[in-house]
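Each of the next two complexes has subunit A plus one other chain: subunit B in the first, subunit C in the second.
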Partner chain A sequence: MKQFQYVQPATQQAVLEVINKPGTKIIAGGTNLVDLMKRGVTAPDKLVDINHLPLKHITSTPKGLYIGALALNSVVSENKLVAEKQPLLAMALKSGASPQLRNMASVGGNMMQRTRCGYFYDTAMPCNKRVPGSGCGAYEGVNRMHAIFGASSQCIAVHPSDMCVALAALDAVVIIAGKKGEHRVPFTEFHRLPGDHPETDNNLPFGELIVGVEIPNNNLQKNSYYLKVRDRQSYAFALVSVAAALDIENGIIQNARLAMGGVAHKPWRLFDAEKLLIGKKASEESFQQAAQLAMQGAKAYGHNSFKLKLAPASITEALKHAAGLV
Partner chain B sequence: MEKAININRPSSADGMSRIDGRLKVTGAAKYSAEYAVEGLTYGVLVGSAIAKGSIAAFDIKTAERAPGVLFVVTYLNAPKVPGFQPDQKGVRAQLKVFNDDKIFYNGQPIALVIADTYERALYGASLVKATYNKEEHQTNLTENFGKGYPPRGDGLYKRGTEDAWKSAPIKLEQEYMVPTNTHNPMELHAIIARWDADDKITVWDKTQGVKATQHDISQLFNIPLENVQVNSRFVGGAFGSALRTWPHEIVAILGAKAVKKPVKLVLSRADMFTSVGYRPHTWQKIGIGATADGKLTGITHQAYGQTSPYENFTEGAVNVSQSLYACPNVNTKYNLVALNVGTPTWMRGPGEATGAFALESALDELSYVLSIDPVELRLRNYAETDPENGKPFSSKYLKEAYQLGADHIGWNDRKQQPGTVKKDGWFVGYGIGCGMFGAYRSGATVKATMKADGTLHLQSAVSDIGPGTGTAMVLIAAEQMGMPADKISFENGASDLPQAPTQGGSATTASVGSAVHQACVELKDKIQKLTGNSGTDNPDYAQILKQHDLPLLEVTAKSTGGEGRDKYSMNSWSVHFVKVLVNGSTGVVKIDKVASVADCGTIISPKTARSQIVGGAIGGIGMALMEEAVIDHRYGRYINNNYADYHVPVNADIPQIDALFVNKPDPILNPMGAKGMAEIALVGMAAAVANAVYNATGKRVRELPITPDKVIA
Partner chain C sequence: MESKESLTMPVNEQEVKDSSRRIFLKQSSLLTAVAFTPGIAVKAADLHVDEEIAAVFEKMPLKMEVNGKPHNLSVEPRSTLLDILREQLDLTGTKKGCDHGQCGACTVHVDGRRINSCLTLGVMMNGKKITTIEGLAHGDQLHPMQEAFIKHDGFQCGYCTPGQIMSAVACIREGHAGSEHEIREYMSGNICRCGAYPNIVNAIQEVKNGGQAI
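Right after this comes the complex of A and B.
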């Protein structure tokens, strides 16, 4: 590990003063960043500890639920307001990592966590995300965990978060602070697709800080479910995950939210499938139709072909759970 | 106490707890990396980035100049290892680490960076640059069968008619694959090496055999045996990975010589995939034939296992087919394929676990073709004597084991027709898999000292890698001496203690336990001579020593490898019953219940015995459902070499596992009546899971691990 400087600026303003210099990295829980430093994937000169900033609160506002960027994954997942207003988020969080990790991991860090692609992690391997222009190791390599949507020949990595899949489904908004003040970005526009610049995971402007997320109120509490399909029952990243939430009245779907994880470089929101569901009966048949539509444009790269079958099956399964059909 | 034992949740009624349990859970147990040796420096390995060829050049200048770096060891400047043998393909042709420029596999150690702190050594290691002369490598087993060769002789075994299965009325032939599994014990391999003089060395080293390590270091560095002190007081799991001396141990010793200071080398998790062996990727094919009423008429079992370019590693992958069932015609073939990988090594249930996956799956497949219950099919082919040589078994209570396990899991609820039972939307299935492993015993010496205060101290060099060896030894002595266990202590894991075999092959209790037994017999003899009577049930040893004005009384007793191997076939047996739930849409498999039954003779320490069986079953669940070290063959490099991506079971994967013991003594192997249990705890488990998945869904997965993609394929 390269030797680095460690600083703890007293205020948010002071943090913003230092993080807009190259070679500087924010550290929150450190559960992702430190691993990457140990493996030599990233080698910052300066770590800026933000853990003492007052960004831990979870509050209910007239507009929705506000969660500070430093709220711990464990705390959010156990929070009463979250359980009451956004149970889908709690469920997604609880399916992620392990209790020990969730106890350290922050909401902001979770959003910013990098892909778990093995080629990205191994500095002896090619990876356009780590070293632009070095090639994509996974494209013709071991790509069982990789993307089936929105990938490019430059990068077929997936975003590994569970929390973010729920937030994408729930129309969350990211609140970002810069030197010039705060601005808001819809969650579905926060992460990006790899295109020709896989080295950039998201649209957080350089030198700015995530301060929180806001989830607008909804009527999806009764019928929501996060399904995570993985190689072991805990402490494993998703092969495919599905965040499903429905507003059902008299058996008819009034409103639907669907997003998938483990399938793209960003949480993959399924807007068309949602639209198809509205006005339909909450039945296995409708769910299968939605799943089929959701798979349009999917493309596999070899080892991950099974996802073409697993993904729609998982969407149907998640929707059935959400609707109380299982 | 000849009563079957079933322990679900252990309590004080099940006997003594692990003697070192408290030390372990409070962190007081010191492992090899934890010794604060004075003047310690820290080493970090650099691995090669190609799989075959040679090193063209090193650039170590930046690394040498990095803060805190003391020395960068490479083959160019490493002190010579006098004991390296000249090239020859054979068991002794170990990797001659830092000896020349040759690269045999990706990740092979090519440099050791030594610094004043671990972090600085780690950074220094990232600055070592090597360029290579690359050659074409091969790491893909299934593409290289053409290069297969028998490890010794012709690699063939034949009993009766060759390929007899082909002419059987009922027959099938299938291929089975076990991928590379890594031991990956929680404790990383670690060594602290300190030269005490030019010809004297002390190491604190993770090893399953301090005596073997002492011998290897003495030979390799050409120093007298008594000048090599090997300490390995606690070992945090090994499963076979510490059964031999590995390159990193040699490297640390070389490094300590170079910097003239003690060097600590702790492998990284990634190093664990390339430094300390693994269960080799093995392809198998089984042809099996039977009469319509389920009598086996022929088995043909072939296997190709991978090994390294410089060394043959062989294991008994096809051996189970030779002796698990009474079958008149059996032929087997075992070949190695040398690939650009490090040398594999024994991993829990070595060979047998791989072979049993194939044989026990094939038998299950046969049971469906025959429409005979899989337990019944096994009973119809029950071997009353060893089918390989006709010898009687020293003991075999596998029939009792079948009964115990079947009753316990509720085998009667199983439906022969697959895919017919559902519960809460999940398919339900039951499976069975059997295991066997030779019951071994070798010579061991134990020193027993009765002290003036009436406490007994036992000493043996043996390692305790976690099975609870010390606990069992104390219990053997307690019973023999008629004294409470809490007055007995056990000291082990150092090369200056009395001779003991390496802890492996499930033979420790039989070997060292026999020596403890012998020592107690001799000690009691001595005491009887003093007191002139035959002793009482609870002798007051302190009083006796006092009466005779003795500060202590000691004996050093040697036990041999035992007798009867010429007359008897000696084995431990197991049967695993598994109930699974399978999600038909996502392919997720959940283990619902396990009943593992062991016929391993008398149970000496019920709690640690249970823990062995549970641990083995969990290892088997890992092998069945998730473990696979994946290589990108284009680079010949592991792609999931970390604990996040190489999956081993976590609590959520583990259901209720019940350990059951037949608990009948083996009258031949040793005076305690105990047989080994570590290997059989795992052997057969993977097949039991695969068979249960088939029973649940009708999907037969012959290539481990059984991940969701394969179930829905």
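Right after this comes the complex of A and C.
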């Protein structure tokens, strides 16, 4: 690992003073960043430790549920308010990583984690995300884990988070602090598609800090499910995952939320499929129609062709679980 | 406070052998490094210039408590907790497996929570209380989880065992050992390539059902 300077500014304001310089990175749990530094994928000159900032609280607000950016993934997943108000989030978090990593990883860090594309990690390989302009090793290479939605010829990597898939489905809002104060970004607009700039994972302005997320109240507690399909039963990244939440009254769907993980450069929200479900009977037939609609525009790159079948089957399965039909 | 020397003082023949083996490994890896470095570096190593070069890099103070003993250390910001435990404190029970947070061999407890010490920077542990596998037993009396691993053959080669045991203790303390399924899910961060999983689960279930305070 390259040498770096380590600083721990006392306040949020002091953190904002130092993070707007090139070569500077924030460290929270470090579960992804330290790994990337060990492999030489990233080599910051300065690490800014923010763990002492008071951003760990989980509280009820008039609008919903507020979770501080430094709340640990394990703490959020076991929190009573989260279990009561947003069980989908707890379920998604529990399916991610390992107990040890969840004890280190923060909510903000989970959002900021990089792709696990093998070409991004292997510094001997081309990767437009790691070295812009060097090419995409995965496009015609080993791409079993890769995107089927929203990719570009520059990058077909996927965002690896489970937590983010649930937060995208739940209409969460990201609260970001900059020198001029705080602003809010819808979760679905936080991460971005690769386009011609796969080196940029998200729309967090340079020099600014995620301070928390807020999830608006909803009526989706009774019928929600996070399905994660992976190569082994636990402690593996998703091949495909689905966050499904429904509000069902007398067998009719009043409100639906759907998002997928493991299929795109960002959590992939399925707005059209949601619209199709509203007013329909909560049945396998409706779910299959939604799944079929959700697959419009999907494109595979060779090794990941199986996802074209796995993804709609997973959507249907997740919705059946959410609706209590399984 | 017990000195570092008394902690690592060999007490029997086997430990003497073990400790010589470690010294041999350290020396031989240094020789290997020397063999593959240019002449000037060899000369520098002869003159211990490498140690002086290392001292130029900024070191930071680190105060932490390990297994109940306070330590005042000076560490490079890039040193992981795992490397500090093993190389500076000679607590080699905590193992380096993958060194990338994928295998769990380096599992230790920080302020009561299990974490991967290989992905933890030492400088971030200031003021923390660390428990390693060496801190579980009371003198010659093994921790109930250590006893159970022996009784149930919870290992073959033993390399993953310290991490498995640290994780197993945390698994019960967290309340995640309610069923075989739950134990397997909450022990998934610890890989055992010998495949001792069924016996590890049996060991954890026995300790859980024994109901002792662990």
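Keep this in mind: the second predicted complex is superposed on the first by the 326 of 326 C-alpha atoms of A that agree within 3 Å, B and C clash if a C-alpha of one lies under 4 Å from a C-alpha of the other, contacts with A are read in each partner's own complex, and residues count from 1 in each chain.
As a convention for this text, contacts are C-beta pairs under 8 Å (C-beta built on N, C-alpha and C of every residue); 3 or more make two chains touch, one makes a residue touch a chain.
Quick caveat: nothing in here was measured; it's all calculated off a predicted structure.
Undergrad: Pick one for A:G118: touches subunit B only (first), subunit C only (second), both, or neither.
TA: First partner only.
Undergrad: Comparing subunit C with subunit B, which touches more residues belonging to subunit A?
TA: For subunit A, the partner with the higher number of touched residues is B.
Undergrad: If we overlay the two complexes on their shared chain A, which of subunit B and subunit C does A:A14 touch? Say first, second, both or neither.
TA: Neither partner.
Undergrad: Answer with first, second, both or neither: which of subunit B and subunit C does A:M1 touch in the superposed model?
TA: both
Undergrad: Between subunit B (first) and subunit C (second), which does A:T31 come into contact with in this model arrangement: first, second, both, or neither?
TA: So A:T31 only meets subunit C here.
Undergrad: Where does A:Y235 make contact in the superposed view: on subunit B (first), on subunit C (second), on both, or on neither?
TA: Both partners.
Undergrad: If you stack the two complexes on chain A, which partner ends up touching A:L293: first (subunit B), second (subunit C), both, or neither?
TA: Touch status of A:L293: no partner.
Undergrad: Where does A:P99 make contact in the superposed view: on subunit B (first), on subunit C (second), on both, or on neither?
TA: A:P99 contacts subunit C only, not subunit B.
Undergrad: Determine, under the contact definition given at the top, whether A:L47 touches first (subunit B), second (subunit C), both, or neither.
TA: second
Undergrad: Per the definitions at the top, what is the overlap between the subunit A residues touching subunit B and those touching subunit C?
TA: Residues 1-3, 38, 98, 233-235 of subunit A touch both subunit B and subunit C.
Undergrad: Sort out for me which residues of subunit C touch subunit A in the complex.
TA: Subunit C residues touching subunit A: 57-58, 60, 76-78, 80, 99-101, 104, 107, 113-116, 119-121, 123-124, 167, 170-171, 174, 176, 184-186, 188-190.
Undergrad: With touch defined as at the start, can you tell me which subunit A residues reach subunit C in the complex?
TA: Its residues touching subunit C are 1-6, 27, 30-31, 34-35, 37-39, 47, 49, 51, 74, 97-101, 103-104, 233-235.
Undergrad: So in the complex, the part of subunit A that touches subunit B is made up of which residues?
TA: Where subunit A meets subunit B, its residues are 1-3, 38, 40, 98, 116, 118-119, 121-125, 137, 140-142, 144, 227, 229-237, 239, 306, 309-310, 313-314, 316-317, 326.
Undergrad: Going by the contact rule at the top, pick out the subunit B residues touching subunit A in the complex.
TA: 49, 67, 119-120, 122-123, 126, 424-425, 583, 585-588, 590, 625-626, 630, 632, 634-635, 637, 639-640, 642, 644-645, 647, 649-653, 705, 707-709, 712-713
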